[in-house]
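You will see subunit A twice below: alongside subunit B first, and alongside subunit C after that.
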Partner chain A sequence: MKQVGEKKTMTDEFILEVQDLKKYFKAGRPGWFSRGENFIHAVDDVSLKLKRGEVVALVGESGCGKSTLSLTLMGLEEATEGTILFEGNDITHLNDRERKSLRQRIQMIFQDPYESLNPTQTIEEIVSEPLVVHGLAPSLDERRERVRRALEDAGLKPAESYMQRFPHQLSGGQRQRVVIAGALVLEPHLLLADEPVSMLDVSIRAEIINLLADLRQSRGISVIFITHDLGTVGYFADRVAVMYLGRIVEIGKMIEVLESPQHPYSQALLSVIPVPNPRLRKKRVILQGETPNPIDLPTGCRFHPRCPVAIERCKSIDPQLIELSETHRAACILLAK
Partner chain B sequence: MAFQTVEIKPAVPSSPLLGFWRIFSKNRMAVVGLVMLVVSIVVAVFAPLITPYDPQTSAGLTSGDIYNPPSAEHWLGTDDAGKDVFSSFIYGSRVSLIVGFFAAFISIVIGGVIGIVAGYYGGRLENLLMRFTDLLLVIPDLPLIVVIVALTKPSLFNIIFVIGILGWTTTARIVRSQTLAVKSRKFVLRARAIGAGNRHIIIHHVLPLVLPLLVVNAILVISLAILNESTLSFLGLGDPTAISWGQMLNFAFGRGAMSAGAWWALATPGFGIVWVVLALTLLGHGLEQVLNPRLESHHLMPGRLTVQSEAEVESTEKARRRESPVLLDVRNLSVQFVNNGTVAQAVQDVSFQLHEGEMMGLVGESGCGKTTLIMALNRLLPASGQISNGHVYFHGKDIASASEEELADVRWSGISIVFQGAMNALNPVRTVGDQIREAIVKHIPTMTPDQVDKRIVELLELVGITADHKDHFPHQYSGGMRQRAMIAMALSCNPQVVIADEPTTALDVMIQAQILELLDALRKRLGLAIIFVTHDLGVVAEMCDSVLVMYGGVTAEHADVDTIYNAPRHPYTQELLKAFPDLSQPEKRLVSIPGYPPKLDALPAGCRFAPRCPLAFERCLVEMPKQYELPGHHIASCHLVES
Partner chain C sequence: MNRYQFLWKKIAWALFTILFVVVLNFFLFRILPGDPVRSGTRDPRLKKDAQEALRIRFGLDKPVIPCFETLNPIKPGDCAVNPFETQFFLYLRNLTQGELGYSFHTNRPVADVLGERLWNTILLIGAGQLLSIVIGVLFGMFAAWKARTSIDYGALITGLVAWSLPTFWLGIILLFWGSNNGFPIGGKATPGISSFPFLYQAGDVFKHMILPTITYTIVYMGEYLLVMRSSLLDVLAEDYILTAKAKGLTTFQILKDHALKNAMLPIVTIIAINLGFTVAGAIQIESVYSWPGLGGAVYEALERRDYPVLQGVFLLIAVSVVLANLIADLTYSFLDPRVQAD
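This part shows the complex of A and B:
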């Protein structure tokens, strides 16, 4: 395996270490004659460690920065500040060649399986494309064999019956499997899954989530699963990180967050997830309004304008993550002892 | 997309080329153009075999042979030098086609490269290239070509070169905008994530999607080049060693064909030019239609009338005993699509009743016919669809057989729809207030403008939008607000029934919760009956009173919400519940239903769910189950229920 970037620390336990990561986008000047510039604080001070073979779910509403975070981890957006260590190497800023060789080990699955496949390519062309781009498996037979294996690993069996088809001849679930096969063919160590099931029918969501769970079991792939729906991640995430306006507001083991959420935002988010049993209709905490725009951030706690339990101090104090147990942390001053 | 009702597709071709040919061969315009073009190419290639005389030598040099009318010897007469017009005409096609194809090739290559580079890389490079293109576009082509050709040696090569090098501007602009569109698509991002470089992305992802447009454009550029060449030759700037149609015209005009009454010397080359240009234009437009089938209108065609194919089938569902009166009574409703002679049964024999203040969940996977069903309730089916059987009683009147005038009364003011994807269902160039006004004015023409204004504000406030947002455009609204605006629009004419077609599918969970809360509040406040179309079983459990589960166009199960979730009888309902994540049991492993829903133009013979059903037995494969009635107004279509 080639070494990428500067070697900083040797940590075998963690595959990914994100430290104080910030990603700001320019949003133009506030007015015609004013100085300075506005920034969209898409990701603002995020730290996150991912163990080998671990599945972490990033949960939050649109505009919370979860997609920007994943694009920054992927190197498709350049980080503004902070560091990203991948397998012990600093990958925050890389040149094109280093970035390309890193792509073999970090792959991404996109949200919309209808849009993320080129309609003019056959399934075989789509799945073998990464091999061609990276000059792997130069012989046609070898390439075809790897494509076949990736397709079957992604649950498209027998692979031969799919290879010559075009995306429009497949259903949504099958297409998402092709997208997954295209990521698997490079045998990545880390998979970023950006809302991989939100566009699919509920009956098909289960099979895609089960597929990801199986891949993690059989290949030991680490997964970052990005979603706005806590309900879909419960099944296979080890840990859950809840994001709000560019920050992680609560992080902990899946069971800890789902069964005893501590941050008022996580509590609200959990309460509105529909439970498929009319006998368990429950009290929902429905937050009013929508996530404020990340240009003019609220003072103090970013969540206070929508928080149902906010107190006066929340307007001035920006809360840091407080350790609640060895694994569970949340950022709310009400939790401080 | 609001309309997803076109569920039947023609048999899928095995390769795109074959599929292309199949559609192409059905387009009369394109085929005629192609045949005409092929004829002229064949004529040009085999010119020496066709022509009776050498076009360079005169048939005779006596003055009597000049401007001879058509005869058996000279089919199209002779020209001013006594040469055979027919032979010159045939050879002329060579020059026209050579100039056309080669000049267009140069234009297309230059225009394609500039368009792709500008569109793909963007930034300063794009600015530079496109401003240069604009500059060339303002300079009139023809005078420039004339000047350049006049200044250089008039040879065929020069003419091709000049026409080619000046004819790429429109191509560049079209290619650039197509490249911009392709560049923003997700598969390009995916290719970048794979690690692909720009060259790879351009060759493998951008070019294949730009190519169809380029081909269409190329054909039009060819005809333009041919016209330009003819003009040049007519002006006397053609290559004197190669006879072209333009030159024939030039000679005929210059040497007194008009005064000699020799119409054949003028009409023949004119006909040649018209023939080739017409061929190319037909082919170009035909190709455009073939490659972009959306040009044909779809939903704006008038709907078809209901066809009652058989005598009224006796309702399997007896009137239900409920306190509130029945608003909508659907009986044995069937809808079919007819496309190219194939019939697809999108909805078959669906019955249900909707009571005042009731919220009914309509659940099913994509393609199960739920969208078709709700469109049929308002007779808003696309042109290929029609109600083939059954009734939709609304206030005792049968919508299925109502006239267009009667329908206009029911649509929106009786039954209204909240469309899926509020972003697309709103007109981006009109304010939200304006769009609500449109619906009110159309249906309640008696209202004064002041009253309408008041009503708009009232409606917006009803859905939780403050009055100051009335004059904003949809893009100034957030996703949740747009969905609220859609609901306000649906409520504008005081409907009794609101059909909500996946109103929360694209929304975040918190916004979804807000919209659901709003719908629930409106139902209680206004006594609305709501049909809630969704594939999300969780939402249905939270909101609805009754549930209709559809599969493959038929009712799988229909019962009150508690029965559906706690005592479902149809295996499909049971499997669907197992596939749904449930936070009250987070450790449960999800079980997905193997296989895929049936295609509506290829439905299984027996029970439609049988191929995927874990409990299916022999009978299920051959016999379609009846809709069995169970105690408590519970219907399940499964053979297992019978026993």
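This part shows the complex of A and C:
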């Protein structure tokens, strides 16, 4: 595949570099008596680097900004501040045409396969649409062949028996495979998977995750895998980033974060994963209280109102990511030695 | 269920409905108080034997059904009467032969009366429907596309106001306005116009149509606008629209390929139902503008207890509504593949 900017990107180690990304939403209109405007700090100062062919899992509660981050990376939301470099090019602010050509290389898998497929289109129409829109594979035979290949790569075999069906005739797992095929057909370099298994039955989840892992092996696609379920992370992520209230609070190799989490929030998240062996069960850390309001953030460390080990200084100092090892970083002042 | 089973099921239901209406039609009007012979002639000097002759002429001397002489007021009669010699049986037999009977009032075949009126109604209401659908759907789409802007709010308010206007009131207002601005304000054509060349006649009918069509369009446009707007807004909030955006479709492509087809579903239903009632005419508009349509015919026939005309009109309305619904169902199954699955 020849693409613009390929020469430059092949030498680059990173496919995606996010620097100090912020995405604020206006929270309603300012009233007559309110002072200034309120903002929801959905994504607040996120920096992230993704190597070519790497899988990074973004973990966090609902409302922590992980979906907003993926929509911003995708260009479906305009970033408020910060830069996004994709294959060495700045893609933070693009016009429609540049955005369109970028869409061939970054694709997204949405959460709900029951909602993200147009009910009036056949599977073939759904999967071939991106090809038509981008003017790839102009001949019908070629297009059909690529659709067939994408469907089979997504595990729908034989593809012919699915092509003329409608979404409502497929199961949830099959639908999610169609969604994946629709993303794969453009042969993207980066795949953003926004909770791709959370709406599926538990029995199907492993299949879909294995499929993503296979695709990463066979095609060398980089994946940002967004989830609130730490249990699914261990299957195929290289690195894990834990998000809390729009910030990354801990990031490191999968084994580092899952085996020895350093941030109190990550520790709490991990402690509640069910462990099959009762002898290995540890004490659970149940967080108290609700996630704070993202409009009116707590002072100092965002996590301090719910943190089981918070000290007085946490209320005033906003911790930065501290390097614990070459690959492992966490944002907690207790870790600063 | 495959497409043919679906089709047959829908057709069977449609036939059953029509059959039910045929029976209901007969009894509905005969329960109404009033004597067709007396209210039909309105002449107190009409002698008893002349009235009796009229009764015999229209078959009103026969019992309605066995055991009942009349239904208004209920007058029990002979149960041993030959069921084939009752009004109900004669009505059914005539109907199977395509015979709708003669108007009690004008003594003309009902089919002729209805045919003439039907075309007038289709001309007026058809034009109004077409205009209101086109304008309403287009403005509704535009409003949804420009959601939460002043264009959207303007369209929303216009639609709500238009839909809530009383038809007769709007008709009267436009009538006043039209009479001061040289528009013909009543009837379908200027008297005596029939001796002029065809194009001249057509122009005259067109002029007569302007005011009632505008009235009709304003009132119905609101409905289409509001439904189209909200339906399109619902669809635009769906995840597959975001997916399409992520795939790289332009706004226009998203609207054309994804949003409209799904958003049209409720509109198809409303259009079908309204088209069915097109035949029924718009009684209010036809009364205000003295338009010789079916709606007016219903009104007149009701006043005169003209059973055959009423039966004919109601049958026509029922058949067209059932047909329109059938078409809506079939269009629906074509537009939305999920429908057949139920």
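Note that in this section the second predicted complex is superposed on the first by the 315 of 337 C-alpha atoms of A that agree within 3 Å, B and C clash if a C-alpha of one lies under 4 Å from a C-alpha of the other, contacts with A are read in each partner's own complex, and residues count from 1 in each chain.
Operating definition for what follows: a contact is a pair of C-beta atoms (placed from the backbone, for glycine too) under 8 Å apart; a residue touches a chain by one contact, two chains touch by 3 or more.
Everything numeric here is computed off the predicted structure, so don't read it as measured data.
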Fit or clash - subunit C, subunit B, common subunit A: clash
Subunit B versus subunit C as contact partner of A:T232, first or second or both or neither: first
Touching partner for A:E78 - first (subunit B), second (subunit C), both, neither: neither
First (subunit B), second (subunit C), both or neither touched by A:Q107: both
Touching partner for A:P278 - first (subunit B), second (subunit C), both, neither: first
Subunit B versus subunit C as contact partner of A:E160, first or second or both or neither: neither
First, second, both or neither for A:R205, with subunit B first and subunit C second: first
Comparing the two partners subunit B and subunit C, which touches a greater set of residues in subunit A: B
Partner chain(s) touched by A:E290 [first = subunit B, second = subunit C, both, neither]: first
Subunit B versus subunit C as contact partner of A:D214, first or second or both or neither: neither
Segment of subunit B intruding into subunit C (one of 44-52, 134-142 or 386-394): 134-142
Set of subunit A residues, in rising order, touched by both subunit B and subunit C: 74, 76, 96, 99-100, 103-104, 107-108, 110-112, 115-120, 129-130, 133-134, 166, 168-169, 179, 182, 186
For the subunit A and subunit B complex, residues of the former touching the latter: 61-62, 74, 76, 96, 99-101, 103-104, 107-108, 110-112, 115-121, 129-130, 133-134, 164, 166, 168-169, 171-174, 179, 182, 186, 201-207, 209-210, 228-232, 234-235, 254-255, 258, 268-270, 272-281, 284, 286-288, 290
Subunit C - residues contacting subunit A, complex: 238-240, 242-250, 253, 257-258, 261-262, 335-338, 341
Residues of subunit B defined as touching subunit A within the complex: 12, 14, 16, 185-187, 189-197, 200, 204-205, 208-209, 365-366, 478-480, 508-514, 517, 535-542, 561-562, 565-566, 575-577, 579-584, 586, 588-593, 596
Touching residues on subunit A, where the partner in the complex is subunit C: 74, 76, 96, 99-100, 103-104, 107-108, 110-112, 115-120, 129-130, 133-134, 166, 168-169, 179, 182, 186
